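Okay, structure first, notes after.
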Amino acid sequence: MANSKFEYVRNFEQPDALLPNTWIVVRIDGRGFTKMCAKYEFEKPNDRRALDLMNAAAKAVVTDIPEIAIAYGVSDEYSFVFHKSSNLFERRASKLVTTIVSTFTANYVYLWPTYFPDTPLSFPLPTFDGRAVCYPTVQNLRDYMSWRQADSFWKLIQLGGLDNKEAEKTLAGTLAADKNEILFSRFKINYNNEPEMFKKGSIVFRDYELAEPSSHDAAAAADALAEPAVQSKSQAEKDKKRRAKAKVVVEHLDIIKDEFWDRRPWILSGKPGQPGKASKEIQT
Amino acid sequence: MANSKFEYVRNFEQPDALLPNTWIVVRIDGRGFTKMCAKYEFEKPNDRRALDLMNAAAKAVVTDIPEIAIAYGVSDEYSFVFHKSSNLFERRASKLVTTIVSTFTANYVYLWPTYFPDTPLSFPLPTFDGRAVCYPTVQNLRDYMSWRQADSFWKLIQLGGLDNKEAEKTLAGTLAADKNEILFSRFKINYNNEPEMFKKGSIVFRDYELAEPSSHDAAAAADALAEPAVQSKSQAEKDKKRRAKAKVVVEHLDIIKDEFWDRRPWILSGKPGQPGKASKEIQT
Amino acid sequence: MANSKFEYVRNFEQPDALLPNTWIVVRIDGRGFTKMCAKYEFEKPNDRRALDLMNAAAKAVVTDIPEIAIAYGVSDEYSFVFHKSSNLFERRASKLVTTIVSTFTANYVYLWPTYFPDTPLSFPLPTFDGRAVCYPTVQNLRDYMSWRQADSFWKLIQLGGLDNKEAEKTLAGTLAADKNEILFSRFKINYNNEPEMFKKGSIVFRDYELAEPSSHDAAAAADALAEPAVQSKSQAEKDKKRRAKAKVVVEHLDIIKDEFWDRRPWILSGKPGQPGKASKEIQT
Amino acid sequence: MANSKFEYVRNFEQPDALLPNTWIVVRIDGRGFTKMCAKYEFEKPNDRRALDLMNAAAKAVVTDIPEIAIAYGVSDEYSFVFHKSSNLFERRASKLVTTIVSTFTANYVYLWPTYFPDTPLSFPLPTFDGRAVCYPTVQNLRDYMSWRQADSFWKLIQLGGLDNKEAEKTLAGTLAADKNEILFSRFKINYNNEPEMFKKGSIVFRDYELAEPSSHDAAAAADALAEPAVQSKSQAEKDKKRRAKAKVVVEHLDIIKDEFWDRRPWILSGKPGQPGKASKEIQT
C-alpha cells in the first residue's frame, strides 16, 4: 500500500522489457538431470517415459499460454517461442521466463505419477532453469530451432553418460555419418531403427489445416512486420476463439528443412489457421 | 556441440549478471491467486493451510540453496535474499530467479496433498512468477524487508476480497489504529486475537545460537564489505558443513525493529553462527 | 597492469553489447540549444550557418566512421545509422555512442570559426548528448527516419521560440495544411519559398551511381540477413577501398517515400555501390 | 510531435537508469592516442602540455557539472565520480556518459591552441570514448580510484612507447622498486626527480577548508545512506550556492592512503564543506 516510508525501495527495480518486434525464445533446462537420470534409473540414452513426461508438461504450457507459437524439446530441455508481435506481460523478460518455468515445473511434478507410477518422487525434486533470448528475423529463429534439432543427437549421447568435456573431446569433428557407429559401440543400438521421437525431438504447436507448400510466404511477411498489427476488437476475439479451439499437438518432424514451416504458415504469421481436419503428414 | 553452421545464434544471448557486492532479493508471487482462493475455497482473509504450504515450500527452497540468507513470506508472495557476497551462478539474474521459482513451484505442487488432503489439485495448476532486485546497503535491504512486512496486513485484506482499486480507495491514509475496525467490520475478526503468522508473516532462516544484542555490528561490517572474502579452502568447507547442519526454521517475528537482526548477526554477516540450542525468543 | 589488489573492481563493469542483426541508430541532441540560440543570436526559426555547421560536423563523423550507413539531421539533432550487420566495437552501446558524440562535438567546436567568423565561442561551450536504439527490420528503420523527417517542421518551430509545452498545446492536431499559416503568422515566412534544407532536413551518405528504381529489393534482402556475411579477405579489402574513395554528400531529399531508398540500394544492402558519376537527382 | 503513424518507433528505446544508491564512475579514454602522441610529437613518456590540457578540460567538466564529487586523471584517461545520492538525469547511463564525453571533448578542442600555440589541430581531431560503472560501497569506490592511481605509472610507460602486449610481457610481476630502473633504462629519467603530476596523476575537486583527520567518518556515513536525503528547499539552495562559489582545484596527491579522504569529508559525504581559506596541504 501507499505512503510507507519504506516504499522508496521500489525504485531499485529495473525494467527488463525485451526489444519489440523480435522473436522471443525461452529455453528451459533440467537442473542436475544427469544425477536425476541415475536416481530414477532412466534408460540410456533415451527413456521414453521421461520424454513423454517432458512433452506432456510442454503441451500444458502451450495450452495455458496461447501466445506461444511453437515449442521444441529434446532430452531435458525445451524451447518456447513467442511470436515477434506478442506483447504478453509487456515483454518483460523475467515475467515471461518465470511464468514458463513455473508452469512447466508444476505440470512436470503433478504429472510425474502418471508416467512413473512405480517410482515416487523424492527430495530434492526435479527443477528447471530458464532464460530468454531475442531473435530479430525468421532466419535467426529458424537457425535457432535447427541448432537445437541438430544438437539433439549429441544431447542424448551426453545424457547417456558422456560428460560435457569427454563428449566434446570424443565428438569434436565427428561426421553425421558416424552417428550409428558411436551409438552402436556405446549403447548397442542402431540409430536408424530408433523411434522418431529419439531422433528428431518433439515439436508442440496448435494444429490447423495444412497449407499447400509455396502458396504463402509467411517468413517474408513476418520479417516485414514492423509492429503488432492493430486489430479490430471483433477480429481479436475471433482469433482468440480459434486458438482456444485448436488442438495442441506433439509431433516428431524435421524442422530444419522448409517443408514443416511452409505447410504451417500460421506459426510464422501469428494468425490462427483454418480449423480443418487433423494433420498427419508424411515426412520424406 | 561445436561446428554447426547454426551455432552463431548463441551470440544473441545477452549477459545478465547482477551488480557485484549488492544484496539480491528474488520475490515470487502467486499468479492469479485471487481466482485460486475462490476455486479451492480458501478461508478469508487468511487460510492457515495455504500459508503453511507456502512456508513449507519456502523452507525447502532455503534448505536446497544454502546461499539464501533469509526469506520472508506473506499471503501469496515470498522474498528470498542472497547475501551481497554471494557469487552463486555468477549472479546471473535469470538463473537465480528461475531456480528459485522452479524449486518453489515443484515443492508447492508436490506438498499440496499434505496440506489439502481433501482437495485435489486440478488444471490450471498453481504457478508463480518472480524477479530479482539489487539493494546496495543493509539499510536498503532492511527497508525492503520492512516494506513487505508493513504491507502484509494490506495484502491479506486484498486477498480477503478487496480488489486493488477498491483497496486503495478505502485504505488510503488509513491509520494503523483503524486496522481492528476494518478487519472487524469486514471479516468479524479481532486483529489482536489473530495468530502471529497472520499478523507478521513468516520468516525462514538457518538458526544458530542467539547473540547478545549490540555485541556486534554486523550491518556496518556488511556495508564495509567490498568483495567476496577470500577464504581458505578448509574454512569454506567448515562453513559449508555448519550451514548444512543448521536447522532451517520458520518464525513469525517483527523484522522492522533492530532486535531481530541484532540477535542473529549471521544473517547480515554471511558467516554461519554457533550451532547452539534452539532459539525461541520472546518478542516484545 | 595486472596483479594489483585493487583490480577486482573491473568485475563491476557490465557488458552492454547491442542485440546482433539489428539496425543501430545513435541520435545526438544539442544540450540547452534554446539558450545557445539566444546567446549567439541565431536567426529564427532557421539559422543557415548553424545548420551548415551541424552538417559539416556530421559529414566529418560519417567520413571518419565508414561503418555508418546514413545520417539524418534537423535543427540541433542528428541520427547516425549503423548497418544491421555491423560489428564495430563488438556493438558495445557506450563505445558506439560516445565515439559519435565525441567526434561530432570535436568537429563542431573546431569548425565553429569557419561558420561564425565574427562570433567567437565562449563558456559554456556547445555540447551534445546521445543514445543508441536498435531497430530489427528495414520498416522499423525507415519509420524511424520518417518520424524524424516528419517531425522536422515542428522541431524548427520549437527552436524558433515555442517551448515544448506551448508547442504541444498550440500544435496538437494541427494539419500539415496549416503549416504555412503558422509559419507566416509567427515568423512572417512562406513555407513554400523556404529552401529545401529548412523543409526536409539534411541527409548524409556515401554517394555512388544511382540504381534504376525497382531493379533491386535491398530492403527484403536486408531483412532476410541473419548474420554478418563472411567475406573473403580480398573482398573486404575491396569494399573498404571503395568506401574510402566514395564521396560523402549532404543532400536535402524526401526520405519518407520509397524513391530515395530504391535508387540507393547500397544504404540498406550494406555493400558499396558503383563509384560512377556524381548523383544529383531531381526530386519529384 | 504527437499523432504521427511513425511514432511507435519510440517504443524501441530501452531505459538505462543505473542502480540507485551506488557511486557512478564515468571513465573516458583518448581514442587512438598512441598515434596522436606521434602526430603531434608529444614528449615521452610525459608531455606536460598534453597533461595540462587534459586537466583544463577536466576542470571545465567539474565546474559545469556540480554533481561531480571528484575526478582523477592520468595519461589520456579521466574518471569522473558522481556521489551515490546523485539523481542527475534520473541516473540514465547514456545521458550521463555522453554529457561528460561531449563537455570534455569540446573543452579539449577549444583549449588546444592555449596549450599548443605552435601546433594547430588537424583531421582527424582528438576524440574520447567513455562508459559508466556503478560501485556500491565507499571501499569499492576508493579501490577503483586506487587502481587507477596504482596503474598510472604503467599507463605512462605504455604511452611512452611500449605497446600493450609488449608492456604486459616486460612488466608482468615487476616490483615497484624496479620503476626507477625501467624508466631510466628506457627514457633516461629518474623517477624520484619527476614532478608530482607525472608520478601521481591529477585530482580535480571542489576545495573547502580541510578537516581535522579522524574528526569525521564520512565513509561509514556514506555507506549507511539509503536514499537521497530529502532536503528543505532553502537548504538545497544554500548547498547549491556554496558549490558554485567553491574553487575547483587540480592537485597531485596520494589518493590511495586515507589522509586525502579524511581531510576532505565533503567528497564522500556529498555535503559542501566550509568555504575557508585555500587548502595547500603538505603531503607526507
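Each chain carries a letter (A, B, C and D) given by its place in the written order, and its residues are counted from 1.
We take it that contacts are C-beta pairs under 8 Å (C-beta built on N, C-alpha and C of every residue); 3 or more make two chains touch, one makes a residue touch a chain.
Being a predicted model, the structure only gives us computed values, none of them experimental.
Within the chain touch network, how many edges lie on the shortest path between chain B and chain D?
Counted as steps through touching chains, the separation is 1.
Name the chain whose C-alpha centroid is farthest from the C-alpha centroid of chain A.
The chain farthest from chain A, judged by C-alpha centres, is D.
A-C versus B-C: which has more C-beta pairs touching?
Comparing B-C with A-C, the pair joined by more C-beta contacts is A-C.
What is the distance, in whole Å, between the centres of chain A and chain B, each centre taken as the mean of its C-alpha atoms?
Computed from C-alpha means, the inter-chain centre distance equals 31 Å.
Between chain B and chain C, tell me the centre distance in angstrom, where each centre is the average of that chain's C-alpha atoms.
49
Could you tell me the distance, in whole angstrom, between the mean C-alpha positions of chain A and chain C?
Those two chain centres are 41 Å apart.
Enumerate the residues of chain C that touch no fewer than two other chains.
Only 8, 12, 14, 19-21, 134, 140, 143, 226-227 qualify.
Which part of chain D faces chain B closely enough to touch in the complex?
19-22, 84, 134, 136-137, 139-140, 143, 220, 223-227
List the residues on chain D that touch chain C in their complex, please.
Touch list, chain D to chain C: 1-4, 6-10, 12-14, 16, 28, 31, 60, 64, 92-95, 97-99, 101-103, 105-110, 121, 123-135, 140, 143-144, 146-147, 150-151, 154, 167-168, 171-173.
Under the stated contact criterion, what part of chain B meets chain C in this complex?
8, 11-12, 14-15, 17, 19-21, 226-227
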